Amino acid sequence: MNPRLLPLAVTVLIFVVAYAVCYAQFPAMLSTRVIGNLLTDNAFLGIAAVGMTFVIISGGIDLSVGSVIAFTGVFITVMLRDTSLHPLAVFAILLGLTTLFGAAMGMIIHVLRMPPFIVTLAGMFLARGLAYILSVDSVPITHPFYEWLQSLYWLLPGKGRLTLIGGLMLLVFAFGILLAHRTRFGANVFALGGGVQTARLMGVPVARTTVAIYALSGFLAGLSGIVFSLYTSAGYSLAAVGVELDAIAAVVIGGTLLTGGSGFVAGTLIGVLIMGLIQTYIIFDGTLSSWWTKIVIGALLLVFIMLQKGLLSLADRRRSLRASGNT
Amino acid sequence: MNGTLARFGRRIAPQLVTLAVVVAMIGIVFPGFFDISIANGRLYGSPIDILNRGAPVALLAIGMTLVIATGGIDLSVGAVMAICGAIAATLIVDGYSLPATLALSLGAGLLCGLWNGLLVAVLGIQPIVATLILMVAGRGIAQLVTEGMIRTFSHHGFASLGSGNLLWLPTPVVIWVCAGILATLVVRRTALGMLIEAVGINRRASMLAGVNARLLIVTVYMVSGLCAAMAGLIVTADIRGADANNAGLFLELDAILAVVVGGTSLLGGHFSLIASLIGAMIIQAINTGILVAGFPPEFNLVIKACIVLAILVLQSPALQGAAMLFSRTKGQP
Amino acid sequence: MFAKTLLGASLLASMTLLSSAALSQTIGFSQIGSESGWRAAETTLTKQEAEKRGIDLKFSDAQQKQENQIKALRSFIAQGVDAILVAPVVATGWDAVLKEAKEAEIPVVLLDRMVDSDKDLYLTAVGSDLVHEGSVAGKWLVDTVAGKDCAVVELQGTTGSSPAIDRKKGFEQAIAGAANIKIIRSQTGDFTRAKGKEVMESFLKAENGGKNICALYAHNDDMAVGAIQAIKEAGLKPGTDILVVSIDAVPDIFQAMAAGEANATVELTPNMAGPAFDALKAYMDNGTVPPKFIQTESKLYTQKDDPAKEYEARKGLGY
Amino acid sequence: MTNNPTLLAAVGLSKTFPGTRALDGVDFDLRAGEVHALLGENGAGKSTLIKCLTGAYRRDGGDILLEGASIDPRDTQEAQRLGIGTVYQEVNLLPNLTVADNLLLGRQPRRLGLVSRRETNRIAREMLSRYGLTIDVARSLDSYSVAIQQIVAIARAVSLSGKVLILDEPTASLDRDEVRMLFDVVRSLRAQGLGIVFISHFLDQVFDISDRITVLRNGRLVGVRDAATLDRTQLINMMLGRELSEETRDRGRGGFDYAQRARIAYVGTGRAGVIAPFDLSIHRGEVVGMAGLLGSGRTETAELMFAAAPRDGGSVNKDGKPLKLASPRDAIAAGFGFSPEDRKTSGIIGDMSVRENIVLALQARQGWMRPVRLSRQREMADDYIRRLDIRTPDAEKPIGQLSGGNQQKALLARWLATNPEFLILDEPTRGIDVGAHAEIIRMIENLCESGMSLLVISSELDELVTYSHRVVVVRDRVHVAELIGEEITTDSIVAAIAKPSPAPETSA
């Protein structure tokens, strides 16, 4: 097997083992309800994490995701409350806005050669600040179209339900997998993560790709915000605090190298599900502090970072061994 | 000596000017801003509030500056604040003496720093990744320490760390100013500052010149942990309770911002603790200014974002490069 | 591999659902978090009440995030609990998950905060009337100042939360008839001590060192405790120079009242679970449908009510 | 073959950088269907010439002709489009991408808007099969050896450009079989009529594969020869020596009692794959020169001696006592100093002032608790700036803004400030102007007179001859000869370097 696939294999293995452990303790964990819930409850996180995967594979980071989700919710509610636009039109405007927002950050990162960390940090303040300005209250969305969207689900055997947003997340992942692994753009993203200078020498349009990556992340954060607003049927400027961290964690647990250049969109899905699984387990148990979630995720992060580190140094050692056979 | 002073003045001039502009703007919107009186045996007024409320970020900025100077970053400081505050409150409630409580919680901060430092310096993990682990897990640990409650206490000695007075000033002000002076003296009166900068600029060359880069990097993360512990103690003492949920939430970002606003490059190298501290005060002045001016607090973040963006754009390497090119072409026609 | 898991899951699902017959009652409780002392006490009391009744309580702390609460509710449903208690973090956004619970025939009881969903979607809500609490506090102030001019500063709860909205409304209703009482400044203190203290400091600065302020109304005691420290540090006497009235009745405010630094608090009992469990038992045993809203008492405590004793009585509850 | 038409020509090419003239009127021509080796030591101007040809640099003067037409590529991509492809020593591909993606990045075949993996892989396999390579192209590049990576890089360059192929040190990290495999590929490309520029410091390989050889030194053309008629000694003379150099050696030197105990003695120091175990001892007041071609193991020797790189066993004695030498800190504590070859990445701290750069090693040795007082730092800096004639407006100027020679002097000052007993200088005179050059040589002589022991690595043989009491010659990662006193002449050094390896690397 290609050693680069090892992190992905480990992720899948951990997921399966964890699920088996959960099942052994709580047989209900393997019901379609729980599986449907895993998809529905983590839909917004999953969609945002797809964008984050691209950003991280390219060697960057996007801290603005959670704030953009909050902004999206507030923007939609305010637009639906104060104008007579159809939700679909609002969605279109909003996705245009968040895509532009992401593109602008990408532009600043590329043109001003500033670290993505700081640029997207400012973006994080800005997006949440704009959300506050639009409305500080949690405003409910009562549009009939919203209710219709929420009522769409496919009942699985065993009363589990695959909701619209859960399905949408799977679609986004499918789209992400194709985009990452089956398009020239995807190859360029990996190329940037492998080394900007080399990528430039090999003819990758660095500026265009950088802007597109952050625009994509902005777009998916907006989509994630729409999903979040469907999930809670409200817009709230304090919502989705820290989602960017969850997304980063999911991406790393999914086997993507935080230093860029290597990763799997599919792995991110498993990463999201692992995190959802931990939460579900803790709720099922009912006596553990919910904060164990954070500690377990921290530990998983450590495990994965060490694993990747180990793989890298292993590859290095192999190479230097080869070199020592020299002359 | 004069040359050094002048250079130092030039170094912190942008930060001082920014601070002055922010303060002047608050003064315009809220004329009573500059009133300072003595009440209850201490100075009292909005400027003092800025100094007081800015204490946690100022303390964090001290450690963060040193970490960033080595080319690293410490995302875990907010979580470390929560951990140390939780430990301190729990210990004092359990009847430990004040010195023991302080020593143990500061020790916990050092330990957190040691963990980060080892990951970065010995295992060679990227700083942003290494400290992310403790950032995610740390708050959970703090919650476990407090068992999910706000641990309140009524130990006056400890509480005075947060709300007492010393030398006509709130204790936190005295603490961060002293910590700032002490840190500045330690890095500038010893060779520490120079060695840290050398490691941050060129780690390999520094090591070949005999600098113990590994030890130095572990040390700065430990200092950062210690500063975070102090900040956590102050926050805990201030409200007489450990709030594992909210203590230090997102303060790591403010601290990084303070350092960047203070003009230290995120890539490492030359640093100025004083400029970072002024940066921390700029951020707090914006926060306090919005409060006393009666603005709705929702503008806080947007104003902050705009100021930060402006400062960052002015400091960006691309623009500086352009400016240098411009001045060079002007210098040699 | 994942697809295989899914497939296996759907095959096994029917079996597992059949076998999940509960021996004792299992009740899920989704708590907002532990952001204030009062909430910690509510958690403690709920656990105590559950133990008293032999109920297997599944407790989940949502860390102040609605998404976590929704997740918790869904998990409870999937687990097939017998009933769900939820203290909702915000009023909006519960329709879908409550519908799911209803379809699964799991009764849901709201604790201490309301939701803006259809009343059919939950069994009952146990709580105090938040508007009423505000008006009790307002009425006390009207009676206390007795016609003298009084400028009030208000520390609001977390913006957008129902206690913040309703306690503000109730207070304003109570003082509406008294032209002598005016709210001159109102800011959010996020229900936390730290913010209460910080915001109060700025109020004091902005109002001539606090000399213009006659009374403080805080939406919870934690903010009041923080604000009291700020008042003391400003060289004024809380309770005398500035009247302090707040809501919740947590132990620390009794301590402050005993010291003469706070004047009044309106009790919000943290024991919401007791009435909730009782209502659930009656419903499940006999099918008795409880009223849609079970109101707990909003008792006013002042310095005359032996605050020191009240403090002793409450301090062990994990506030 | 030699009558083939000229494919690519550089005429009177010049390129100047601040402080140095990297190319000075260099002529170069490449014919279709030949392998043309470009040789010279570091700083000779090879890479500058290549970079001008491939558009990485813009030339200052002269002309570049491709098939007779003047070209002026603005970047490597344009050069590639014109037909000039380059493969570097550090494989300039993306190790994290698959082999197929590396070959076809930006041109992957698409179906219905999606990249067709199967088609991509098929084309990639086909491309590689022409080079006799049948590997799984769907695996990431870094799962293959450097040799295969080189061939992939060649395949990509050839498919993109197809007229001229520049191979910049492609064999530096290949083993013998891999070199053979690579050369088979190169020969087949030559047979197809490509013009190939081959840069290498392995002379055996150069003689093995090249048709003609161009030698540069110090930015100037030394000469062009047919490989078949050139012998090694001539070639090395062209690269290193001055054909008519006078012997400037001061015959009064030497006379060391080598029977006496050495000050520092390395026994069995080495590292597998880097440098064969060697014994080396240095006496008080002695200058040991080290000669050898680039990549022969000179720098590696120095790094091992300073404990800047790990070594396999061996022992070190100082004044007869065993010395613990596990890190540069240990070495500095023992009174060693090391001025590395690559000033920029391993020597200077670019953003720091000249003063701070000078006191750094002393300060690091004293520990942070005992700072060198600022006034003392200034005194020291000013003193060295005067004594070594470091040209800087003042001691506070960032060292990165100084010229190479002045940076070198400041680095010397850094070590002199620690008052070392043993100083290792790796290429102390590289890339610096003539004046500074002479000063550094004078300084080396003064230092050894004051009792310091020195190890000096240099490509300038007449320089080594001037100041060395002993010269160690390194070839193919082995210390092969030691010349003492009267034996030291440029000719004897060249002969030692040129002596073919006992087991020729690429015997036919």
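Which chain is which? They are A, B, C and D, in the order written, and residues in each are numbered from 1.
Methods note: a residue touches a chain if its C-beta (ideal position, glycine included) is under 8 Å from a C-beta of that chain, and two chains touch if they have at least 3 such contacts.
Quantities reported herein were computed from a predicted structural model and do not represent experimental measurements.
Student: If you walk from chain to touching chain, how few steps can bring you from subunit C to subunit D?
Tutor: 2
Student: I'd like the Å distance between the centres of subunit B and subunit D, where a centre is the mean of that chain's Cα atoms.
Tutor: Going by mean C-alpha positions, subunit B sits 45 Å from subunit D.
Student: Could you put a whole-Å number on the gap between the CA centroids of subunit B and subunit C?
Tutor: So the centroids are 34 Å from each other.
Student: Would you mind pulling out the distance in Å between where the CA atoms of subunit A average out and where those of subunit C do?
Tutor: A distance of 33 Å separates the two centres.
Student: If you look at subunit B, which of its residues touch at least two other chains?
Tutor: As it turns out, subunit B has residues touching two or more other chains at 143, 148, 297.
Student: Please output the residue numbers of subunit A that touch at least 2 other chains, ranges allowed.
Tutor: Those would be 136, 237, 289, 291.
Student: Give the residues of subunit C that touch two or more other chains, as numbers and ranges in rising order.
Tutor: Each of 61, 63 in subunit C touches at least two other chains.
Student: What topology does the chain contact graph adopt: line, ring, star, complete, or other?
Tutor: Per interface graph, the chains form some other shape.
Student: If you go through all the chains, which pairs of them touch?
Tutor: Pairs of chains that touch one another: A-B, A-C, A-D, B-C, B-D.
Student: Quick check: in the complex, which residue numbers of subunit D touch subunit A?
Tutor: The contact residues of subunit D facing subunit A are 76-77, 92-97, 101-102, 105-106, 108, 110, 113-115, 117, 139-140, 142-143, 145-146, 173-176, 272-274, 476-477, 505.
Student: Would you mind writing out the residues of subunit B in touch with subunit A in their complex?
Tutor: 73, 123-126, 128-130, 132-141, 143-144, 147-148, 253, 256-257, 260, 266-267, 296-306, 308-309, 312-313, 316-319
Student: Which of the residues in subunit C end up touching subunit A in this complex?
Tutor: 1-2, 5-6, 8-10, 12-14, 16-17, 19-20, 28, 56-63, 65-68, 70-72, 74-80, 90-93, 95-96, 100, 104, 116, 158-161, 165
Student: Please output the residues of subunit B touching subunit C within their complex, sorted ascending.
Tutor: 30, 32-33, 35, 37, 39-40, 42, 44-46, 49, 53, 143, 146, 148-150, 152, 154, 163, 170, 235, 238-241, 243-246, 288, 291-292, 294, 297
Student: Can you name the residues of subunit A that touch subunit B in the complex?
Tutor: So the residues of subunit A in touch with subunit B come to 61, 108, 111-115, 117-119, 121-126, 128-130, 132-133, 136, 237, 245, 248-249, 252, 258-259, 289, 291-295, 297-299, 301-302, 305-306, 309.
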